[in-house]
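Once you've had a glance at the structure underneath, I'll fire off some questions.
Which chain is which? They are A, B, C and D, in the order written, and residues in each are numbered from 1.
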Amino acid sequence: MPEERLLSAYRKMLLIRLMEERIGALFTEGAIAGTCHLCIGQEAVAVGVAEALELGDEVVSCHRGHGHLLAMGGEPARLLGELMGRQIGYCRGRGGSQHLSAPGIGLLGTNGITGGGIPIATGAALSAHLLRTGAAIVCFFGDGATNQGVFHESLNMAALWSLPVLYVCENNRYAMSEPVCRTVAGGDILARPRAYGISAECVDGMDVEAVEAAARRALAPLRAGKGPAFIEAATYRFCGHSKSDKLLYRTREEEAKWRERDPLTLTRLKLEKAGWKETLPWIEEEVRRQIAEAEEACRRSPLTPPETALQGVYADA
Amino acid sequence: MPEMYFSDAIRAALDEALTRDASVVLMGEDIGPYGGAFGITRGLHEKYGPERIIETPISENGFVGVAVGAAMTGLRPVVEIMFMDFILLAADQIINHAAKLHYIYDGQVKVPLVIRAPAGAGRGYGASHSQNLENVFLSVAGLKIVCPATPADAKGLLAAAIRDPNPVLFIEPKALYGARGEVPEGDYTVPLGVARLAREGKDLSIITYGACVPLALAAAGELSEGGLEADVLDLRTLKPMDLTALEATVAKTGRCIVLEEGPLTGGIGAEVSARIGERCFRALKAGVQRVAAQDTPIPSATPLEHAVLPSVAALLAAADRLFE
Amino acid sequence: MPEMYFSDAIRAALDEALTRDASVVLMGEDIGPYGGAFGITRGLHEKYGPERIIETPISENGFVGVAVGAAMTGLRPVVEIMFMDFILLAADQIINHAAKLHYIYDGQVKVPLVIRAPAGAGRGYGASHSQNLENVFLSVAGLKIVCPATPADAKGLLAAAIRDPNPVLFIEPKALYGARGEVPEGDYTVPLGVARLAREGKDLSIITYGACVPLALAAAGELSEGGLEADVLDLRTLKPMDLTALEATVAKTGRCIVLEEGPLTGGIGAEVSARIGERCFRALKAGVQRVAAQDTPIPSATPLEHAVLPSVAALLAAADRLFE
Amino acid sequence: MPEERLLSAYRKMLLIRLMEERIGALFTEGAIAGTCHLCIGQEAVAVGVAEALELGDEVVSCHRGHGHLLAMGGEPARLLGELMGRQIGYCRGRGGSQHLSAPGIGLLGTNGITGGGIPIATGAALSAHLLRTGAAIVCFFGDGATNQGVFHESLNMAALWSLPVLYVCENNRYAMSEPVCRTVAGGDILARPRAYGISAECVDGMDVEAVEAAARRALAPLRAGKGPAFIEAATYRFCGHSKSDKLLYRTREEEAKWRERDPLTLTRLKLEKAGWKETLPWIEEEVRRQIAEAEEACRRSPLTPPETALQGVYADA
């Protein structure tokens, strides 16, 4: 990655990190209701993949999708607004944390059903293929989702029909409290896409440059009509599964080990080495201001009126 | 107007949609050269090729989900579920995704998707190949449910369903595939949400749909010999239901039977009966009676199967109860 | 009798079943050390170990199917579906297999299986984590459906469900997990199929179940201040339904409201209303009124969510309609 | 296989073949209603596997299950009775061709939902495992069923939990009209179990001895608690998918090529070589008589009374 691009990737990762932290705090305060799944620790996957995308490409994400939205250029105020039920929210609060959609920036949607987005992404790729749009579709999901039958059904069809879809599995070692070794028989996630003849690669999900490079490697043949590709990004969620998680199923040592590979730290070190040390605090300040402004914009936006909840069940012709 | 089979009318609607709109694609198992288990798509593969007539592996949740994603992004997939029984494998994609996304994504996406599902018993196929499962989907906001009873409606309703911007479950009563009737040629649609009075009477109403319409008409014939004239209301669209038509027939007759192929408990008839109770109580001269399949799985052997399915005799008995 | 939380009463039933019967096993996602998304199985892993408390991958159709096979061959699995919404992924195994096999295999196998499903909205979890889907299963012959409204019933009905030789869908209203009440100690069962009169009145009946029972009681309190005394019938078992209790309350009051958390159209209330219409028409002084969630997906933001859920105000409005 | 065992295997295969032919004829005559999926051509798989089983083992089968039932020792009269709705039928006609059950002889059940029996078999193996019964469970299904999500979910769990279940995929090259090359991405069915770390082997499904040997090889470690195993049996259905199939999707040449490997012919040749030539016509006569007697017994059995259809929806405590 050229240094300027790395800098902007860093900025995006930082935006995701600080937004997620802010969302967590608002949740604790009670300003956000419901549930939310933060992606702290996994920022490099979202940003690395997004950096490899082109205009017109589309993303389908899962329950842990705030980072994917922001990486695609989502507006923090509209994300916050969605979580806080404001008019400004991407779906005016109808969707909430797990059901975001911003097709205008290429985020087709996030999904509360584990694995539910995988056939949908595959279907978007069918459209791209048949309508010759040239778009690539990216589908994000976790290690746990690879145990859903629909994951297999979808990959099989994508391979049979040579669809332009890149499957990105964020292997953060756990599905909620269940470690991969107790849910993925054989322990080898890559064996799954490979069983369908899909070329698959594991990448260091804490290294945004490595992720971007892997995504580009995967996307080039895919764009050339060679069919789907698969990336397993080795990563870790630093926070709990959701806000109520007490993290009893893993050790503090394991967490500390992964924290050493914090994607933000790794990128910061690279940038410092490259002579950008002075710029970094300035970026951080800018991001913090951006978030503060977003929060203000969100709070200024009116709550979505309750009576609107009865509208729009059906689309008009 | 030419006469044609119900099955051919469905094929005609598919054929015309494929010709009219390049974004229409068909998906399903064995819908290519084989023509589908009931021959509905016969010849379409040859005419439109494998990019339009997409044969899928046996992966119901997967290919319905693929159709949902495709519908969100510019295609208009028409999916065939070989037997309606198999739709349960795709219940998640239909209920948690197809039906909800337009609403929860606040109108940013549409899911113009049709799911064709041959339904019903009477052929000895056994419990996993004979169900009417429309009742399972009746509560699903965002989904439309349609079921034709005549070849003309089969064509017209399917054409309308394919043009609808919402997911539509299109139920094809297997028992009617061989029925014949006049069907308008060319571009022909029947609006969703509008019931059809299949027979006029003043003494009682039989409210039904699909393969039970002929049953209702047969019973109405017998009742007429006994001096009772029945309105037979063919709902055509089960969701959203034509409440105006419901109210009109009840206001006229004050006595109703709801008839369906599926099981009694939790059936379409329950909803119809509840609506009438809520909206037309003062007009009622007797409690709304339901006639439906017994609350059992569908057994395979023909005499057993007939024992659990609704019959003219059961309808006549229900009519008796209305005049007790 | 000790007071306990509804959630603890469920755990107590599981604990006692695990102790009493070595063939009982629990299955589900994160039900081990994590204790399940709602903490219901907390401590059981430590007490019974991983052979009895079986954590599964995220494979709903698969692990429900595994439970069906296990139930056919000597185990009594109690499966937790983390949120009822996910049960749609397992609809095939429940409807096409678990519920039918005893019948279609002519009694040669039994499927003593309990599926626990936390259901309901009100927590801002959004459309895929908030549904009441019991209506989807109401038509399924061979399946029983149970839903407790008090901690005592939570324990007693679950204990009975686990001993029942049939597949039982056991619905746990999330909104009640934090409710407290007296719960009999030790071996305690409440028979399936028997409703409970939660409040006695003579002027109208509110027929409901689960999390709506407290809502009904609250409304009954307000109505009482206005001089109307309501029977509140807690159905407890939705399938098979206690028709005797239904008839008794209708015979007494002649005016009914059916109340539920799930959507109006195609809901449990439709069946209740239809049964009353069929069986008690002469006793009715007004049409049966339904109060339920609006026919929309459940939106996430709290004010929107509340706008679509049933309320005391809606109940009072329905009561007004009964006396119009 | 010792010669006597081969002889008895041949007899069983012949019984299946001639029963299926008779059932087909009765169907054409209208004496059997509904649908049925005959297993003509695939007899060696059913019999080869059944020969490797022990008392207490259990079988779960699919829609094409007549052969599995007979291979397990099912009574022809009770099979016919099931198809003809007689009291003598295994389920008195409630189940029909696709929903047979004969737990008394180890056939837990057949299944009308493609792939539906796979988790059920896996659950039976969970019982065997936890209740320490020592039984092995066999699960039969076709190539098409390996595209169902629940296939993957089940194999994953069986492998994770080391369950004693042998998955037998009868790869007859087609799922209804769809050839394996258009439904199984990558074309390699064995890659699927192997992705879960399940040991898997392909065997000549027309050679009953080879099938039996493979089943024994697979069952030995499985019985020793080493977890599930998988066999792909390469076979061919000589008849149509169901009685209405016009076989437009494959060539007569392909069929002729496979007919050369008719499992009955292959076994007959072996037996002739081994000096049993005289015995073979005698066996055939005996099997034909057995079938004729079964048909008579079936026809003597009364039709199941219609009113029984309302009974037994729920099991009594």
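Simple rule for what comes next: a residue touches a chain if its C-beta (ideal position, glycine included) is under 8 Å from a C-beta of that chain, and two chains touch if they have at least 3 such contacts.
None of these values were measured; they are calculated from a predicted model.
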Other chains in touch with both subunit B and subunit D: A, C
Whole-Å gap between the CA centroids of subunit A and subunit C: 36
Rounded Å distance between subunit A and subunit D, as computed from the means of their C-alpha atoms: 46
Subunit C-subunit D separation of Cα centroids, rounded to whole Å: 40
Residues of subunit B touching at least two other chains: 57, 59, 61-62, 85-86, 89, 92, 96, 103-104, 126-128, 141-142, 295-297, 299-300
Residue numbers of subunit A (touch at least two other chains): 92, 94-95, 99, 111-113, 116, 147-150, 152-153, 156-157, 160, 182-184, 313
Chain contact graph, described as a line, ring, star, complete graph or other shape: complete
Subunit A - residues contacting subunit B, complex: 58, 60, 90-92, 94-95, 99, 101-104, 108-109, 111-113, 116, 118-128, 130-131, 133, 149-150, 152-154, 156-157, 160-161, 312-317
Residue ranges of subunit C touching subunit A (in the complex, touch as defined): 29-30, 32-34, 37, 55, 57-62, 85-86, 89, 123-129, 294-297, 299-308
List of subunit D residues in touch with subunit B within their complex: 33-35, 84-85, 89, 92-99, 111-116, 144-145, 147-149, 175-178, 182-184, 248-249, 303-304, 306-310, 313
Residues of subunit B defined as touching subunit C within the complex: 61, 85-86, 88-89, 91-92, 95-96, 99-100, 103-104, 126-128, 133, 135-142, 239, 241, 262-263, 265-267, 269-271, 273-274, 276-282, 284, 286-290, 295-297, 299-300
Residues of subunit B touching subunit A in the complex: 23, 25, 51, 54, 56-57, 59, 61-75, 77, 92-93, 96-97, 101-112, 141-142, 144, 163-166
